[in-house]
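Should a chain be cited, it is by its letter among A, B and C, assigned in written order, with residues numbered from 1 in that chain.
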Amino acid sequence: MGVRPSPYGHTMTNRTFVLACLTPLFIFSLAFLALPLVRLFLESGSGEAGWAIYLDILRRPRYLNTLVLTVLVSLATTFAALAISTTAGMFLSRNRFRGRGTLLSVLTLPLAFPGVVIGFLIILLGGRQGLVNQLTPGHVVFAYSVIGLFLGYLYFSIPRVLLTVMAAAEKLDPALEEAARTMGASPYRVVVDVIVPGLMPALIASGAIAFATAMGAFGTAFTLATNIDVIPMVIYTEFTLSANIAMASALSIVLGIVTWALLLIARSLSGSTVAAGG
Amino acid sequence: MFKSKTKLLQLIVTLSACAFLLIPTIMSVMAGLTANYFKGISSGLTLKWVFQVWELYADSIFLSLWLAIACLIVTLIVGLPAAYGLARHPGWLSRLLEEFISLPLAVPGLAIALALLQLYGSMKGFRASWAFILVGHVLYTLPFMVRSILAVLAAIDLKTLEEGAASLGASPWQRFRDIVVPNAMPGILAGALTVVTLSIGEFNITWMLHTPYLKTLPVGLADSYASMRLEVASAYTLVFFILIVPLLMAMQWASARAQRKTK
Amino acid sequence: MTLRVTNTAKTYPDGTKALLPTELSVAKGEIVSLLGPSGCGKTTLLRIIAGLETPDAGSEIWFGNDNVTSLPVERRKVGMVFQSYALFPNMSVRANVGYGLKMQKLPKDEIESRVTEVLELCQLQEFSGRAIDALSGGQRQRVALARAIAPRPRMLLLDEPLSALDAALREALRDELAMLLREFHITAIFVTHDQDEAMAIADRVAVMSHGHVVQSGTPEELYRNPNSPFVAGFVGNAMRLEGKVAGSTLHLDGGELALPRDGTGHNVFVRAEDVQIDTEGPLNGKVESVTFFGTHYRVGISGIMTDVLTSTYAGQNAPKVGERVEVSIKPEALMLLPEGAEI
């Protein structure tokens, strides 16, 4: 029947082929992810303080205050984004009207904006030449304050939380609400007893995403937070200006572990991948 | 009634959010096209600033496009076979590998960049080349490519399809080429558009890795925000929008299409 | 081509024995069915023959004079029809059927003409340009068959080829498949859990249970001379008559039956179609249930033994529930199987 052997037929079994497929990924992530991260960790302990540097983060007011401020801004961002995006998300997924698609596009457009661009947009709103300062001649400049930073993070988080909430809202079985109604539940009870519990995994997940991205946001902070100490800015200045490489590394490790752990929780709850960077 | 009052409130919140996101975007576009931002739109519309941006930053724009294409090629070469391997060998080791390569999604780019700088910063030739920035971009975009393809492969009965091809005489490579790749196409397309979109907009890692001679588009943006007049910065932002918005829309379309295929 | 499987077994890494050491021979052109309940090892045996599973050490698979035990599936030149068909969704019907020929690197025009030939044989000409998801279940089944035979394989292997179809279609396609397989003049092995399917299609049926072949023979042999209660029950749903054997007589609660020979040390089995409602019959019982099946009634009778005895009744006037009836069973319809032959 003249079957010519294919070039791989003799030598390659399926198992070796599959392993060969994984080899480039393995080599790449070993060389450019695993080894650099190990180096980063070793570097964090190589300063004067040794491994006690991790205690220094909590002992020295400069770092502790930075940590507290970053957590507070991130928490504020998280709750604001959850409130706004859940409201808008439920509204958009439960109502069909003209212009709905446009609103949805506007609300998801910033997904592709890097943090620097968002920082610039906040400057256009609240900078010295910004909209608010032009409209109210009271010299209201908030872009470079904590409020500006908060608004920048919020701008970044609204589309991401919105998409997660809407995906969960679409999956809510309308029959559950109807069942609750047939048993005499008021609209308010339906929200409390059916809708919120149904959305809870998505709310926790997107909240964790918003918090983690705010903690690690560099681009927005780079544009706006020239005078505010948030962790990413402190890492940057320790590394570039103070050449305190050990501290920059230690802060990076702490920040990385916090955001990674949060996103792990988020993903186990929602099962989706959302870009944290930008 | 509870319902209509709630609806009104919901509508107000939704519209306010839209305004918050849209108004500065429009302002930025207008500022880039206005002759003099302080005098307002009455000073006339002009493309002067856009041309000036082109003169100043054309290199950055081309570098970003070139990097995005290179990044796409590398993520395809590394990610496509890897997604196949992970799909065919599900198990704790594959889960671990997938989890590990997803680290750059969760860990801030700043930390990743610091890690790369400390290990490879002393290799001057590599450090100063565009390949160093490319590594950062690939690290950040690779998980999107792998997961996008993996989602599509997990939804089809890949094992049986491959057994079918094998029973007809196809070698592992022929199976990969004739069965796996064509059926993974929706995932590959969605992944490719995501990779290009994210690569063009990547700032956090790139800012740390770039050299004065290698500035990508977002690095140039940050540069213009700090040192250029508002109109130029806005015009540059406008150029970025023109590049990124169609990509974002194509990416969302392709992802929705790939997701439909997985159902 | 003949197939010889010797000492072939499969143990999974977790210790599960999917297949105990098994011998199987299939003559050239013979159509053999592997019949058994799910989990009996029939699919494992088929996949080992195909080369999709690696058997335990010591197993041997011979295709004619070639020992193919260590050959991967793509080099065994077998045609396989999968339970889910495994048609390639990225290719048209024509491309699916031609794929095996393309793998053999045949010239383009030869591929074209052979694909056309096979499509005609399977009456698929009009669907040749269609996408797979634009086909009905029955059409998909035919495409899967056409794709498997197009490369002229040494042997055709079919894994539950009809189970993805609904009941009505399954029956129609069963006869069509039996006809096509004979037209192909090809050695074929097919796996099924449906005894009707096995009997309608196969020249020889190998009944499997708990990882090994219990009995192998023509459908008639299995039906008339089962060697174990399992085969008697699985092929033709035989019932055990629960009574006391004394010489060549069987004592039941509802009367006595003559056995064809001395039944000492044996259990007695009978099929429902051999249990006749007959006013002259030696057994007496009460009608418990009557179910109408169109061509016949199924009548459940109590009082003859502990369990209900089932009889098929083909006449017009079925007895009513609660009536007392007489029942006869011809001695030659009784199957005597040695006690302790439980499998």
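The rule is short, and it goes like this: contacts are C-beta pairs under 8 Å (C-beta built on N, C-alpha and C of every residue); 3 or more make two chains touch, one makes a residue touch a chain.
As the structure is a prediction and not an experimental result, all values here were calculated from the model.
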Counting C-beta pairs in contact, does A-B beat B-C or the other way around?
A-B
Measuring between Cα centroids, which chain is at the maximum distance from chain A?
C
Whole-angstrom distance, CA centroid of chain A to CA centroid of chain C, is 58
Take the average of all CA coordinates in chain A, do the same for chain B, and state the distance between these two points in whole angstrom.
15
List the centre-to-centre spacing of chain B and chain C in whole Å, with centres computed as mean CA coordinates.
56
Mark out which residues of chain B touch at least two other chains, giving numbers and ranges.
166, 169-171, 174
The positions of chain C in contact with two or more other chains are 72, 74-75, 77, 103-104
Where in chain A do residues touch two or more other chains at once?
3, 6, 9, 13-14
Taking the touch rule as given, give the residues of chain B at its contact with chain A in the complex, in rising order.
2-3, 6-7, 9-11, 13-18, 20-25, 27-28, 31, 37-38, 77-79, 81-82, 84-86, 88-89, 97, 100-112, 114-116, 118-120, 135, 138-140, 142-144, 146-147, 166, 169-174, 176, 197-198, 201-205, 207, 218, 221-222, 225, 230, 233-234, 237, 240, 244-245, 247-248, 251-252
Please output the residues of chain A touching chain B within their complex, sorted ascending.
3, 6-9, 12-14, 17-22, 24-26, 28-29, 32-37, 39-40, 43, 84-85, 87-88, 90-92, 95, 103, 106-117, 119-125, 129, 131, 151, 154-155, 158-159, 186-188, 212, 215-219, 222-223, 232, 235-236, 239, 245, 248-249, 252-253, 255-256, 259-260, 262-264, 273, 275-278
Help me check something: in the complex, which residues belonging to chain C touch chain B?
50, 52, 72-75, 77-80, 82, 84-91, 99-100, 103-104, 147-148, 151, 157
Where on chain B is chain C touching in the complex?
156-157, 160-161, 163-171, 174, 178-179, 182-183, 185
